[in-house]
Amino acid sequence: VATTPSGDPTATGRLATDPQATAALLVEALPYIRRFRDKVVVVKYGGNALSDGAGGEGRALASFAEDVVLLRSVGVLPVVVHGGGPQIGDLMRRLGKESEFRDGLRVTDAETLDIARMVLVGKVNRDIVSAINVHGPLAVGLSGEDANLITAAAHSVELGYVGSVSEIDPTIVVRLVAEGLIPVLATIGADEAGQAYNINADTVAGAVAVALGAEKLVFLTDTEGLRADPADPSTLIRQAGAADLDALVAAGAASGGMAPKAEACADAVRAGVDRAHILDGRVPHALLLELFTDGGVGTMVVR
Amino acid sequence: VATTPSGDPTATGRLATDPQATAALLVEALPYIRRFRDKVVVVKYGGNALSDGAGGEGRALASFAEDVVLLRSVGVLPVVVHGGGPQIGDLMRRLGKESEFRDGLRVTDAETLDIARMVLVGKVNRDIVSAINVHGPLAVGLSGEDANLITAAAHSVELGYVGSVSEIDPTIVVRLVAEGLIPVLATIGADEAGQAYNINADTVAGAVAVALGAEKLVFLTDTEGLRADPADPSTLIRQAGAADLDALVAAGAASGGMAPKAEACADAVRAGVDRAHILDGRVPHALLLELFTDGGVGTMVVR
Amino acid sequence: VATTPSGDPTATGRLATDPQATAALLVEALPYIRRFRDKVVVVKYGGNALSDGAGGEGRALASFAEDVVLLRSVGVLPVVVHGGGPQIGDLMRRLGKESEFRDGLRVTDAETLDIARMVLVGKVNRDIVSAINVHGPLAVGLSGEDANLITAAAHSVELGYVGSVSEIDPTIVVRLVAEGLIPVLATIGADEAGQAYNINADTVAGAVAVALGAEKLVFLTDTEGLRADPADPSTLIRQAGAADLDALVAAGAASGGMAPKAEACADAVRAGVDRAHILDGRVPHALLLELFTDGGVGTMVVR
Amino acid sequence: VATTPSGDPTATGRLATDPQATAALLVEALPYIRRFRDKVVVVKYGGNALSDGAGGEGRALASFAEDVVLLRSVGVLPVVVHGGGPQIGDLMRRLGKESEFRDGLRVTDAETLDIARMVLVGKVNRDIVSAINVHGPLAVGLSGEDANLITAAAHSVELGYVGSVSEIDPTIVVRLVAEGLIPVLATIGADEAGQAYNINADTVAGAVAVALGAEKLVFLTDTEGLRADPADPSTLIRQAGAADLDALVAAGAASGGMAPKAEACADAVRAGVDRAHILDGRVPHALLLELFTDGGVGTMVVR
Amino acid sequence: VATTPSGDPTATGRLATDPQATAALLVEALPYIRRFRDKVVVVKYGGNALSDGAGGEGRALASFAEDVVLLRSVGVLPVVVHGGGPQIGDLMRRLGKESEFRDGLRVTDAETLDIARMVLVGKVNRDIVSAINVHGPLAVGLSGEDANLITAAAHSVELGYVGSVSEIDPTIVVRLVAEGLIPVLATIGADEAGQAYNINADTVAGAVAVALGAEKLVFLTDTEGLRADPADPSTLIRQAGAADLDALVAAGAASGGMAPKAEACADAVRAGVDRAHILDGRVPHALLLELFTDGGVGTMVVR
Amino acid sequence: VATTPSGDPTATGRLATDPQATAALLVEALPYIRRFRDKVVVVKYGGNALSDGAGGEGRALASFAEDVVLLRSVGVLPVVVHGGGPQIGDLMRRLGKESEFRDGLRVTDAETLDIARMVLVGKVNRDIVSAINVHGPLAVGLSGEDANLITAAAHSVELGYVGSVSEIDPTIVVRLVAEGLIPVLATIGADEAGQAYNINADTVAGAVAVALGAEKLVFLTDTEGLRADPADPSTLIRQAGAADLDALVAAGAASGGMAPKAEACADAVRAGVDRAHILDGRVPHALLLELFTDGGVGTMVVR
């Protein structure tokens, strides 16, 4: 007979001091857990998050992978979309090839495309899949070329093999999700003739969310969220509608990488996605906090 | 554009002060939620809890009903078993009939059985079903006579229609659970000839847990748990094995209503139920705290 | 080698005298048995039938239970609805509480409701379930509160907790029937807030038949059927349409307990039930004779 | 409003005189109907029955077809096997070909086989199928050559294409029965090389009953049943075991066409068929009386 | 270790001389095999093909049976319809009965119908079923009377029991095909009263193709195909539309047995059958060549 | 009306000259097509085939892709495994990193592994997937890290991240195949901690064939097959058993890249794969010729 608590001392200590707060949080979280069960949540994980310094990369990725696996464990259906701009730049430098940008997009000749594809599909995608699969046989890497997932077209002649999305065929993603797996998607697409293109990952994330009828689209970034004035942290926008985002983009407030995210959010909620979020991926477990508590993190976009 | 938080002030206030603690609790709770998904948990809800004074009854029952519904919402499969001794005594008094007890069991003639059945099936069971169904069409009341759920035999000649369990056929319970419903079970049984018997609810709860292959058996009582010395609160037992409980019962430490609970716990874990618990039902949301956190409440019985 | 008949003497004796009549009856009955297979038949069993004197009760109930089980054995899907007025009156008398009636309906305060619920759900329902289950694990008792089966509203302010049917959600009944079970329904309903009401069983039987898309609605009563002149047995009505019943009720010919039965029959056939019947439940096996032979018993209502 | 009975005058007249006898017969028959539901009953219908004189043929066949359809309508699964000896003899005579018999079996050269096949498959089988299908699209004619149903071997060299059963593959019969159809089987078989043989229909009926795991095997003949002394009607055998039949055959009591029937009955019950019967097919609705009443007709063979 | 080729000498010899031609044919054939998978092909096999002289009959039938089995083996769903005019004539002659024709149709009294039915169902159908079943338990013979497959009506009073098609109920054919079987259909039909009729097999083949939603309808004949001028082989028509056939028939170019074939082809493609063909059944494996190669044989009819 | 052939001139020309040879080939091929339906065939496609000079690469890959798609179209279930040694060497050279080999295996440090993974998963795999998907949404690229497909362990300390196969979990491959897709597998594996390894593709192909219970394992190489004397083309081995291969390897006859292929073939047939082949991938449509004709190409390994 043991008269000591059945749990471990730390946990019991916490509960002993505040079981009511714990119960209250459970009562708050359980309805969310029920609500998101069997619902698709598309999460865009940025290349920046993967390269933020010595050691940091590994920790941030491991924490993200844990959240994705926990979501899956309670029945949420996460689909991960990722970019990899910084990593593409690295390999180009190592190969002595210079990157040229126009309007923030990398001019992509055949060799650059080959490099981008190797980095996105053969490195970044692999790193994310591996981080998730430490927890079990869950993640499967996909490129937009697989099973005609992303049909692409050239974005403009001068950018070369930079593509825009012509069509998303989500069949393979739906199948893998139905099998209990977590698809991790590199944003290479192909046209009807089999020519590959590199596509902006924010745009793909939005289009995939729409094609899947996702409940939520979440961008994990390295900022707190969208600001009315990019230079002023006190102007963080907590909630906005699609039209608000259109105005911000038109006014130039969503500068740099924020513009495609803002546009993807606006397009997604207009096309039926219930909520879109731009979150601070640097907050540990930002995904869990957003999905399962009343309190919000970052910017929420509603219809 | 709203720059106020997306949640309500109170919640955000709490999160603002401690998002890390919230995230930690979610990371703690989610694996439990996954683990108990699609698992049967048999909960014995005592008659005492239903009659503890003016107003109190309603609040305790409502809180219990909320817990049961929250469990169901995240995929746990609760089965409720209830007693009703105090309520039977009430109606007997009103009908001018005296209760006679032998060894703590009520001598039950045909009229007493009729009264017990009306109270258990027609009143206590109905009150619990109604309290749950405020949240949706979830609960279905059952008596052990339905679809031959409980086959009973006379416990002893001098006690009349007090029964012991001969056999449990859990088919109807399994069917209702499979349909997403919450069975609420009054502990009347019948023998092959159709004669009804009143059976101790603690014993039935244990037998039903075994017949269903339940993951957990939980007794919600009006005490903190089992004590090594009934008179000394400091001797609360946190964890015990089946043999420990046998010894306690043999030594008379589990007196009064605790004896059948202790025996049911010991029998259940021996027959394959993973864990049995005697909890303090007066702690709000005791069920949630027990199932979904590391910390324990009351007495846990292991194999 | 036996040169005696393979059956028992009595049976063979009968057959020996009239095999052709026997064959003719089989040829007559088999198409009915085919026709009612997998069809729902709602049977209202009255409280009067349960309290018609010393010993008679048991025999009538046992004969009724046998018919219901035989119907089920050849694939008919019986659903039993019952009342219990006389039994409620009995318990009220024993508790020293006086019954007050207005327009034939019992004024029902909170205490009366509690008594009615205990009697209907905890006694009458149980007695019918037990009588059926002597033949196998077939019957399951239900109250209208289970799984939101009957949503009720107050009938009128001065009658208290006497309810009328707002909505029938037959899901639980459909499920049990699909599992091969025989639902036995006590006619207590609840409103959205969980407040219970006692509802006229004839009305509920009709509403349940409509909600289930039943093939037949049968009232087993203690009279021969409906009479054009209640005082004159020679005016027994063999067959009538819904409009005929409306006229009878308007003219006051359907007095006392007959009025709600007549109205329920008229409403049911108007809402798509193929046939409704008011039969003399005192004729042994009246149910079998009505369903499986050309000859009719009592009053048949057609569209 | 009609105060006349709902049924037709004749039926009501009968019921008016004896509703209790009618109810008693229903109570007797319903358990049999339940018991034989989804059970296979193999019925051998003899060629004699088809050729018993002017007009008689049509009536007997129509009555038999009605019984088979009624059985099917209440869920029994009838399989019909037929012969056609007299009809084969007819066509041979018309073609100027003489029949030669050895040990009661027709010597069968290639031409005789062609004639037998045309008569059995192209005439007798068609007549039975048509008689059944007057009641609905139920019967499907089969020859033992279809889907390798009957694999045959030569019975003896001197008899030519008279076959014995090597193997029954009941797959096609099982499939048709599962589709709700009534297979009608002509007893032509084929060997591995595709050579056809004519086989005794009594023997095939027994083998098919065994291969299907039939509940019953019924021979409809033009006699009252098996007699201990073929010449003495008072020695009709009501019930016998397999060993009894062996003895009768050995003693020569089962002469002529009775011998293969007796042997088939004995073999069938030994191989697991529950009951085998030799009935007088001239009694109208003999099949219904045998299956659905306590009284027996003809000879019953038990294990 | 063997340094000899793994195949047999002959085959390897052929491949050694031309592997590229072999590969080319496979590349040509595989898409056709894919395209006709799970598609119904109705093949009319003429009675003439069965009676073309000493020995020839067996070889032609065996070759046809092999083709049908090969088609089935790669997933095509063949349904065979056959006639038997010459064989009916034979038996009539043997029975001393004279055949009388009007407009190319045999006047059919009751005796002639009996003869036709015996020959078609009991002989020709059996011969085709046996030839196929040498390869496995695949073929099942059917008459239009089975399961109400063909409802017929009298074609004209003076022709007697010559029928035209009133309705095709293809349920039994669909079931057998779904079970992997090959239905072989004799073209006897029956009216509602069960009266049988003999129907032109070409007409039935077309109606069955339409009722089944067949992909192809193929007539195997003993000519090269349809000719613009029946007397001039050089006018063989390779491809035609429905209107072309109408014109040919109107002009009398499709004489004799070709007229009903031409009409059936025209009706079938008009009602949705993709292609109809009149092929020379004397070319070995004509069916395979037509279905699986680019080259055509005989006349193809398109919409 | 067209009197020209229905197919195109070329094809018809060929058929006109030899319809019998065409029919004979179909009769030969169809049983093979039936036999391999729904059977898994693992095809190892070598990196050499992808880099054999200007323009040649594209044509060989396109021809291979066409064969794979044709196989799939007739129900064969191809699974492609590929290497990419030459392509890894290319990128290393471009990055100024020297390759070091021990016993024919590339010493692989962390950077080399990154390069190998990018090339295999991000380039070679992509090229094959794209070539197949020109024909439809069929191919899906996989790495052994996906869904724990290949668990690897270090081959030896001095080789670094060169792995050997510890375990194959074919679940994801089975799922994709069941969905009608063609998995294309890059041979990177991971250990339990998520560390990646580069593994010999021949070895993986054999292990995958065994894990899938494949019918065939086919190595497409740039030689005619296995030779008893590597230097003497006349010693090409047509057929060998597993023991023969063991002897060849032991004797050093299977030198260079042939050794792991020979070992994989021997292991596969020992573990239940029906046949293993080493074919000359330079012969157009070698896969089709091997699977669907009697003649063999290259070396066949049997149990």
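Here are some notes:
In order of appearance the chains are A, B, C, D, E and F, and numbering begins at 1 in each one.
Please note the rule applied: contacts are C-beta pairs under 8 Å (C-beta built on N, C-alpha and C of every residue); 3 or more make two chains touch, one makes a residue touch a chain.
Keep in mind that what you see is a predicted model, and the values were worked out from it rather than measured.
Each step here moves to a touching chain, and the least such steps from chain C to chain E number 2. Common neighbours of chain A and chain D: there are none. Note: the chain lying farthest from chain D is A, by mean C-alpha position. With centres defined as mean CA coordinates, chain E is found 73 Å away from chain B. The distance from the centre of chain B to the centre of chain F, each centre being the mean of the chain's C-alpha atoms, comes to 61 Å. Note: centroid distance chain B to chain C, computed from Cα atoms, is 35 Å. Multi-chain contact residues of chain E (touching two or more other chains) are absent. If you draw each protein chain as a dot and join the dots that touch, you get one closed loop, with every dot joined to exactly two others. The touching residues of chain C, when paired with chain D in their complex, are 1-8, 11-12, 14-16, 19-20, 22-23, 25-31, 33-34, 37, 66, 70, 73-75, 228, 235-240, 244, 283-285, 288-289, 292-297, 300. Touching chain A in their complex are the following residues of chain F: 91, 94-95, 114, 117-123, 125-126, 129-131, 133-134, 136-143, 145-148, 169, 171-172, 175, 179, 181, 188, 190, 193-194, 196.
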